[in-house]
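Below, chain A partners chain B and then partners chain C, in two separate complexes.
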Partner chain A sequence: MFSLEAVKWINDQFKQTNELTEKTLEYEQKYMQLFYLKPLIDREMLQNSVIKPFFEMASENQFKLYLHALPQFQEATTKEQVMREIMNGSVVAVIQNEWYLLDFKLSTNDKVNNTSVETTIHGSQLALSDNLATNINVIRSYYHQPSLCVEYVVKGEVNQHKVAIIYDKEKVKNGVLDTIRERLQNVDKQVVSSTTQLNNFLNNKRLSLFPQMIMTERPDRIVYNIAGGKVILVVDGNPQAVATPAVFFDYMSTMEDNYHTLIISIFLKFLRYAGLMISILLPGLYVGVTSFSPEVFRTELALTIAGSRVGVPFSSFIEVLFMLFFMELLLEASIRLPKAISATATTVGGLILGTAVTEASLASNIMVIIVSAVAISTFVIPVNEMAFSIRVVRLLFIFVTTIFGLAGLTLGLYVLIMYLVNLDSFGEPYLQLYTSPKNRSKWERKT
Partner chain B sequence: MSRYYYYLILINMVANIIASVPAILLHSHKDGAVSAMILAIFVGTFLVTVYTRFFNAFPGRTLPELLQKTTAPWFYRPFVFFLAVMWFIAGVITLITFVFLLIRYLTPEMSINLISLTLILSVIFGCLMKTERVFYTVEIILLITIPLILFIFFKAYNNDHLEWDYVKDAALYVNKWPNIDAFSACFFLFLGVANLTIFNRFFTEKQKFGWKQIFIIAVIAMATLFTTYFIPIGFNGLENIGELVYPWISTSDSLRMEYFIIERVLFVFLLFYLGIAFLSILIHWHASMEFLKFVFNLEKIKYKGKKFGKFIPVPFFIGISLILVQLLNEYRLFLYTHYFYNALIVIFPSMCFLFLFIKRRMKYAEQANQK
Partner chain C sequence: MLNKQIKNRLGFLLLLPLFILLSGCEFKDIDKDVFVAMIAIDQSDEADKPYKITLKLYEPSSSFKDAPQPTYSYLTQAGETLSEAIRLMEAYSDKELQFGHTKLIVIGEDLVQADKSKEILDFLLRRPDIQMIAWIAVGRPSAEKIIKMVPQGETSAYPELFNYFDHTGTESQYIVTTYLFNFRRDMKAWGIDPVLPIIRINEKDSHFEIDKSLIVRDSMEPHEFDPLNTSLYTMLTKGTDRADLAINEDDEYFIARIDRLKTKHSVTIKGGNKIELDIKIKLYGYISESKKNLDSKDLPFYNKLLKAESEEKFTKFFTDMKELGFDPLGFGLDYRSRTLHNRRMSKEEWEEAYRNAKINLSVTPQLKSTGSIQ
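Entry: the complex of A and B
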């Protein structure tokens, strides 16, 4: 099937670009044609493992056998596949109408990064790289089980990125896997460039606040999740993987919880949940207590708060929204700014603005304390995606308290819990206590 | 027994403290409240046993499903509708009581409609959840609230102002003939088990229910009843205790946490009991909605291909509760509540006969199936 026509077809496909190199080699009755995209391939490798042997070998047959034996060799079946492989950095060698696909891809992004999002003190400091092959190499070398499966899907109609679905065949729940495959099939986006994008494409909801896949860059976390029966998705060109199905408690744990001694990790977990509660409830509590029921706090404290608010011209919720708004701006700005400037921005924003606001009595001193406490406790949430969701939830809580008072705040918390319980992550309940032996037996039956 | 079963029972028991139960009990403190409580423990535990045994025999089946199989439609539909109304009323009582509490003690300036909307809106969408999800919610919220409520009880028992002499004095009235109002109020504590009519759907496996479980339930019931009745007496004295509208709120307001940022225990009590009330309403209304689904086949109603049937009861629930909040005041609520409780002591024991009937029919049906 691979005749001159096919060569012509491929040439036609690449007519628009001038980068397809076609090379004809002829020496001592040996004849070979090479096609490749110059920027994509490793030229030195091509030189050493194809061109040099071509001139050294005695016969064409010997050379053909040699090509077959190369580890980079890949069977060519259709001309579409050949075209795709050329774009992926393969070299096509044509000898007597026989086609040889050789993967000589030159990757400049296969260096493993340092952890930058999920930093820990204990444990490995290395993260994934931008290169899919390297990532799978990393994962495979940390997880030695023959049941580890990797499936590839190509997503994104224009940019044709490879997406790898990684799971342990013996541990994964089949229902989850089928749902993921089915939903991946339905993704018809033009460009898919990031794993976290899949979060939106796969959850079948237009409006969603809480992430249903957990983003991670740490190989140890990936391995831990695979061993726990989760499915990992990795997109080429992306140093982050997503694991699913994820439950709420996953977002509140770091890998370090397993590395510390028990009491220390309980303490750290307590800190984290306290931080979560503070960052959700504190601004709402301030509004509720100052504007609705100041008698809730003990008299001294109520007086201190009221005293600190003397001269503030706003009602408490405008004060809270005003300060929180600037805090959110500051957070957003410090992410987007170049590293050199962001330090200045935080100093100007945090220190100078904070002091000036209280001196101008646009906000009370206690408000500034609350805003900074809230900001710090948001950072305690270990998974970045959840921290973002919590920031939005906090605003909702302020609105609810403004309308319904302290009772509204309390009920808001219960409703939040109820909402989380009602959420699904690929068929698994998002929030649930897992301690019961009943559930465990259910789990065992399913797996 | 699965722990979720205990949650059903526990919530009804603990939630009564803010409802009219203590007020009704204390109203008859000199004519037979104590003996009524003792009687109720025996009768109530017996009823819990009967109900649990019955539903345990049909794992994963709800009462409407069983009725559908065994009884004629002319009986089935009105009866399930009647159950729906009863469960709705049980929820509404808790709702209105708590709305009155909030407006009295926490936010007196807010409009009563706004307060009731807060509660209704937060609960109503939860009622549409799946039954298992209701259980998970119950578990997590209980995990948050129960430790604090236990702490408050601990504070109360540990307080210097709790006069045990009053308690002993009150206990001496045990020789009076049981009072029917007091008995029905105590009896209501045990009716958490009746939620199995819907929530049995969750218990798909046969549970163990023997003497140990019965004993646990009886002990929990005794402890709750004792706390409900005697702690307010210990704090407020025996004379005129029947005049208090909210005995437990007055009691919790006499507790102080000297060194904490919130000094008056009342507010902690209110806000955390809000959680218990929330769960109580959630469970009752969820059951009510499920009953309605069976009566009107709501699942099948479609509009433009979208199933919206289960949302139909929502506006009715909101509307009726808002109207009731407007119409009632504390005195009338108290009056109607105790009529309701009195009706329950007839209805629920007589449902046991229905169970007997269903059990026989199901047995025949199974035998017919085997042939």
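Entry: the complex of A and C
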């Protein structure tokens, strides 16, 4: 099936680049042609496992059998596949019109990183790497089940990235898996370069605020999610995986919750939900209570706030927005800045700006306390994606409270809950407490 | 599909301006409000303006550490009605008067004696920003004098007078705490009469004295409780959980410190408009002061003395109340709650029956120790 024409076709395809190496080996009635992209392959490996044996083997037949036996060997079916594999770092050996695909890819990005986004005190400190094969290696070596399935899809018309769909066949919900496969089929993008991009591509919505897939870099979380019947998507060249279907409460848990004793993890969870409520509601509450119904405060507090607002030229909501704006700028700046400078930026922004603002009475003392409390409590939310969503929700609440007061804030909270109830992540209701693994009846499991 | 989307968008566009119009409360910054700490309502000297209102206003301060001395300002105005006086006062102040933090309403004694409490109550209840959990008290000689006094050692932002009533500061058996909502409820219902504390100032103008109280009923002359009766009243209504009772009998003199009280009261209906009042009181405690050496072995004897003494005091209290026609504990309410409306005595019949009721009072004393280690 592979004739000289095919060889010519492949040569044509790579005509633009001068990197395709074509090598002809001939020795004692043995004849072999090799095609590969030089920068992609491990030359030493090629030398040791193909070229050297070629000269040592007695007959061509023996060498063919040897190539078949190599672990890097892959069956070649179509010429398009061959071309793709060459681009992925395979070596094509052609012996008597028989094609042998050998994966000699040289990877420089296969070292696992340290956790940097989801840091914990307990548990593993290692995250995923940028290399898909390594990542799958990591996942497989933590999850020993024959039912663990890995499917590959190539996405991105231009950059042709490999996307792996990883799940436990025994535990995954088939509906979810089908939806993901179907939606992945429909992804029509030129470049797919990040796992979290899939979040936007797969949720079928133009405007979405809350993430429907949970991003993680921790292998233990991936394994935990696979065991819980979730589907993991990993994109090559990305140290993050996404797990789906994700419910709201997944975003509020860390892997450490499982590593602590029960009471401690309940306490930590309480802290986290309190932080969530504070970061959503506190700025809105400040506006609502100071400007609409000051009788909610204790008398001393009302008087202190009234006193500290003396001389502040703005209304309470401008004051809140003004301070929050600077806080958001500070957050954004400290992400973008090199690590060495970002510490300085937070000091200048947080400490100096905070005191200077109150001294110039551009904002009240209480306001500075509120903004810092809000900033700190936003950091308590363990999954970064949710923290970003919460920052936006907070602004909406300030807006609603400025117009409608405390009643507006309460109704706004209802609207948020209604919105969350309405959301679903790949068929799973967003506000359910946990995703159930697979809807199988009990007797079925016994048999 | 598209049609539906357009409909949704149109609906949203229609709703948006309506939302803007909806704003319920008005937006007003907190530094444009002035908070009223207390309201004093007195009878004025002018005939056409019978009410004189004095407001005690907080002066806001950014740091109470810098201003340890309390600062208040006062507004006084007489008016034909309470609303009129307050409306005039709003014109005297540069900021909006906020009654949301008003914790105490003091009514001048003249007004209470003149049986005006119902009218005042009406105003206080209708004004939405006056909290129903405000305390209400009677000021002697006048309410204005009470709220204008700043006792020595008062800290800013929390007037000392509030500590008397909020059960976080002093807890005395002589202080009656009456909330506005309670006062209103007891005032409107027949079968129970509200009791208001009387706030007085001592002769040197240095502190308050709150140890008396006043029982009020619509179209009846109020009756004043002396400190003893006030303390019996708070004990009976569980307004206090700590009380002292002095026992002076048969050359024994000691003070029983009660630290737990249980009271039960109910009406027993005996046919033919005859009723009996059952009161059961349990007193737990110890002896806190004595002029003699006491022996633990004699505790049953001291208990007996306590029983005799307290029964006598309580019986006298109830007999007095019965004869005057006041009902501080709400026997009438108890009666009404347990009879069907068509078999119930009329108000007049009940009052007659109450006056002639028999009192069955029993005290169970539970003195646990003589208070000293032996």
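Note that in this section the second predicted complex is superposed on the first by the 432 of 447 C-alpha atoms of A that agree within 3 Å, B and C clash if a C-alpha of one lies under 4 Å from a C-alpha of the other, contacts with A are read in each partner's own complex, and residues count from 1 in each chain.
Operating definition for what follows: a contact is a pair of C-beta atoms (placed from the backbone, for glycine too) under 8 Å apart; a residue touches a chain by one contact, two chains touch by 3 or more.
Computed from a predicted structure; not experimentally measured.
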Side-by-side fit of chain B and chain C on chain A, or clash: clash
Which superposed partner A:Leu433 touches (first chain B, second chain C, both, neither): first
First (chain B), second (chain C), both or neither touched by A:Ala306: second
Which of chain B and chain C A:Gly412 touches, first, second, both or neither: first
First (chain B), second (chain C), both or neither touched by A:Thr290: second
First, second, both or neither for A:Ser315, with chain B first and chain C second: second
Which of chain B and chain C A:Gln13 touches, first, second, both or neither: neither
Chain B versus chain C as contact partner of A:Phe404, first or second or both or neither: both
Which of chain B and chain C A:Asn422 touches, first, second, both or neither: first
Shared contact residues on chain A - chain B and chain C: 292-293, 295, 299, 403-407
Chain B contact footprint on chain A (complex, rising order): 292-293, 295-299, 301, 403-408, 410-412, 414-415, 417-418, 421-422, 429, 431-433, 436, 438
Touching residues (chain side chain A, partner chain C) in the complex: 290-295, 299-300, 302-310, 312, 315-316, 365, 402-407
Of chain B, residues touching chain A in the complex: 2-3, 102, 106-107, 110, 114-115, 117-119, 122, 125-126, 129, 132-133, 136-137, 139-141, 143, 205, 260-264, 267, 271, 274-275, 278, 282
Chain A-facing residues of chain C, complex: 19-20, 22-31, 33, 35, 37, 58, 60-64, 98, 100-101, 103, 129, 131, 157-158
